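Some structures to go through are shown next.
Same chain, two partners: chain A is paired with chain B first, then with chain C.
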Partner chain A sequence: MLENSMRLEFLAISRNESFARVAVGSFFSQLNPTLEELADVKTAISEAVTNSIVHGYKNKGGTIIIECVLLNKSIAVTVQDYGVGIENVEQAKQPFFTTMPGDERSGMGFTVMEAFMDGLEIVSRPGEGTTVSMVKTVAENEGEEEQACKQAVRQDNAG
Partner chain B sequence: MKLNTKRQGQVLVAQISGELDHHTAPALAEHMDALLQDKTIRVLQLDLKNLTFMDSSGIGVILGRYKRLRNRGGRICVTNENKAISKIFQISGLYQVVEKIS
Partner chain C sequence: MLAEDRLLSHEETLLLLQQAKQGVEQAKEDLFTHNVALVKSVVKKFTGRADYDDLFQLGCMGLVKAINNYDASYNVRFSTYAVPLIMGEIRRFLRDDGIIKVSRPVKDLYSKAMVVKNKLSTQTGVEPGIDEIANELECDPEDIVQAMEAARMPASLNAAVREDSGNDIMLSDCIGVEDDSESAVDRVMLRELLTTLPPRERQIIVMRYFLEKTQTEIARQMGISQVQVSRMESKIMKKLRNAVGTAS
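Right, the complex of A and B next:
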């Protein structure tokens, strides 16, 4: 049984979006995800972090905290900010809904998180901040690296 | 994120490399808009062979360029996107407005 956790705190600036993806992706890799599962998690993290930067802090900076827990075959992630919060969470979750249409925001952030992860919860208090919680469970199959190794060993044995 | 372009008649082939997210999107939008000032460009072909990551910020950039081109009868097509990026295109409905070419 795998049990692990981490907590990351960083400035809410756009150049840290890539850092957050890599950090969480790297932590998640301990569960031997497929490339697709890994991409799913990194994309969802990117959406949540971007929301905190753009909407939570209106691009004016702040702090984002990411916490991850690994348990068996699942990762549970929270992305938290102390920004303006969300007035109407149900409305925010609607595809294409955005409070910043002029900025070429597609309004798809929560839709992507919901589609790519196995669970999504949003807790927000206007004026206090927002916490997005997500879960991803890796499939029972072994990861692609293990498959590739086993394939290579089979080929060696056959030759 | 890098943008390399090549003109083929009415088509502007735009090869986007690296990662397209909220951090890199504005520079891409600006660069593309400058190129699209040339009204003889009718088709914007996005070659995403070397695009390793895209999130919904990329959707926003592409939709923005689509609207501009559509206003003058142009269109966008996309090629060589990887599985993860294809998934983003699919769930956002981007394939309804951007033609996929193999």
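Right, the complex of A and C next:
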């Protein structure tokens, strides 16, 4: 049973989006995901971080906190900001819906997060901030024998 | 077991191919061993253009494809059939050599990871985990995560790069050119590039490939015609195929 956790705090600027993706992706890689599962998580992180930067803080900066927990075969991630918050979460989750009309946003952020992760929860208080929680479980893709072999190889490499 | 350096006659080859088709592992192995020289001779033509081991590995993938797909009704020697497939694997890989200015070790690692991923998928029939890929490449999984990040190119940079006339910018062998279906588009690349698309295009791709809506449904939601959605989708897929990746 694998158990691990981490917490990241960084400036809400788009420059840090890639850093957040790689940090969470690297942490998640401990669960031996496929590259596709890895891309799922990294993309979901992109969406959540972008939401905080663009909507939460209206591109004026602030702090984003990401916390991750690894438990057995799952990762639980929370992305939190102290921005303006969301008035109507259900409405925000609808595809195409955006509070920035015009040609700038696709309105697909939450749709992508929901499609790529195995669970999505949004908690928000207007004026106080938003916390997005997501879970991803890696698929069972090998038997006990393969796992034992891998473990032996890992120990071998480490030694 | 046949002596490795003995050349197989056409009849012997046909027999082994038939056995291979029936799933006889030894037959597949024998075929492979006796035709490795073919791979080496093809790879020789491409020396200097990429790392020898990479080319050899790709050539072997081509050989495996040939062994799996050869049909006796083709009426040609196996080597005649196999050589274009071997060359094809190598050519696709080389054609993808983009002009991306990423540090060489990182670029190498990404392209190597994709090659290993495809190899392991073919070998085992299931998608490999990042541990298996890292193990093969003798690096940490985290290094691969970092290298994959280098594969993402923002859409605006694509435009600048395309302005360089004469540069043949092709996507990695991960994105097929045969048809428009998602199966031909590497699902990993599709996700990586998703966040770089402009809003309208993103909407269409998410609806089509991740929510599995029909073009008609999307048209209705976006307030445009189904024909317009179809045209935009083709355009986007073409753009994604031409997108610059670190590829090889």
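Assume the second predicted complex is superposed on the first by the 140 of 159 C-alpha atoms of A that agree within 3 Å, B and C clash if a C-alpha of one lies under 4 Å from a C-alpha of the other, contacts with A are read in each partner's own complex, and residues count from 1 in each chain.
Criterion: a residue touches a chain if its C-beta (ideal position, glycine included) is under 8 Å from a C-beta of that chain, and two chains touch if they have at least 3 such contacts.
Computed from a predicted model, the values in this text were never measured in an experiment.
On the shared subunit chain A, the superposed partners chain B and chain C overlap sterically.
In the superposed model, A:S14 makes contact with chain B only, not with chain C.
In the overlay built on the shared chain, the residue A:E90 is in contact with neither chain B nor chain C. In the superposition on chain A, contact is made by A:V22 with chain C only, not with chain B. In the superposition on chain A, contact of A:E3 is made with neither chain B nor chain C.
Once chain A of one complex is fitted onto chain A of the other, the partner contacts of A:E140 are absent, as it touches neither chain B nor chain C.
Shared-chain residue A:N32: touches chain C; no touch with chain B. If you count the residues of chain A touched by chain B and by chain C, you find the higher number for C. Of the two partner chains placed by the overlay, chain B and chain C both lie in contact with A:E47. Common to the chain B and chain C interfaces on chain A are residues 18, 21, 35-36, 39-40, 42-43, 46-47, 50, 103-106, 108, 111-112, 115-116.
Contacts from chain C toward chain A in the complex involve residues 113, 117, 126-133, 135, 138, 141-142, 144-146, 148-149, 152, 187-188, 191-192, 194-195, 197, 199-200, 202-203, 206-207, 210-211, 221-222.
The residues of chain A lying in touch with chain B in their complex are 14-15, 17-18, 21, 35-36, 39-40, 42-43, 46-47, 50, 53-54, 103-106, 108-109, 111-112, 115-116.
Put simply, chain B touches chain A in their complex at residues 19, 21-23, 25, 29, 53, 55-57, 59-61, 63-64, 83-84, 87-88, 91-92. The residues of chain A lying in touch with chain C in their complex are 18, 21-22, 25-26, 29-30, 32-36, 38-40, 42-43, 46-47, 50, 95-96, 103-108, 111-112, 115-116, 138, 141-142, 150, 153-154, 157.
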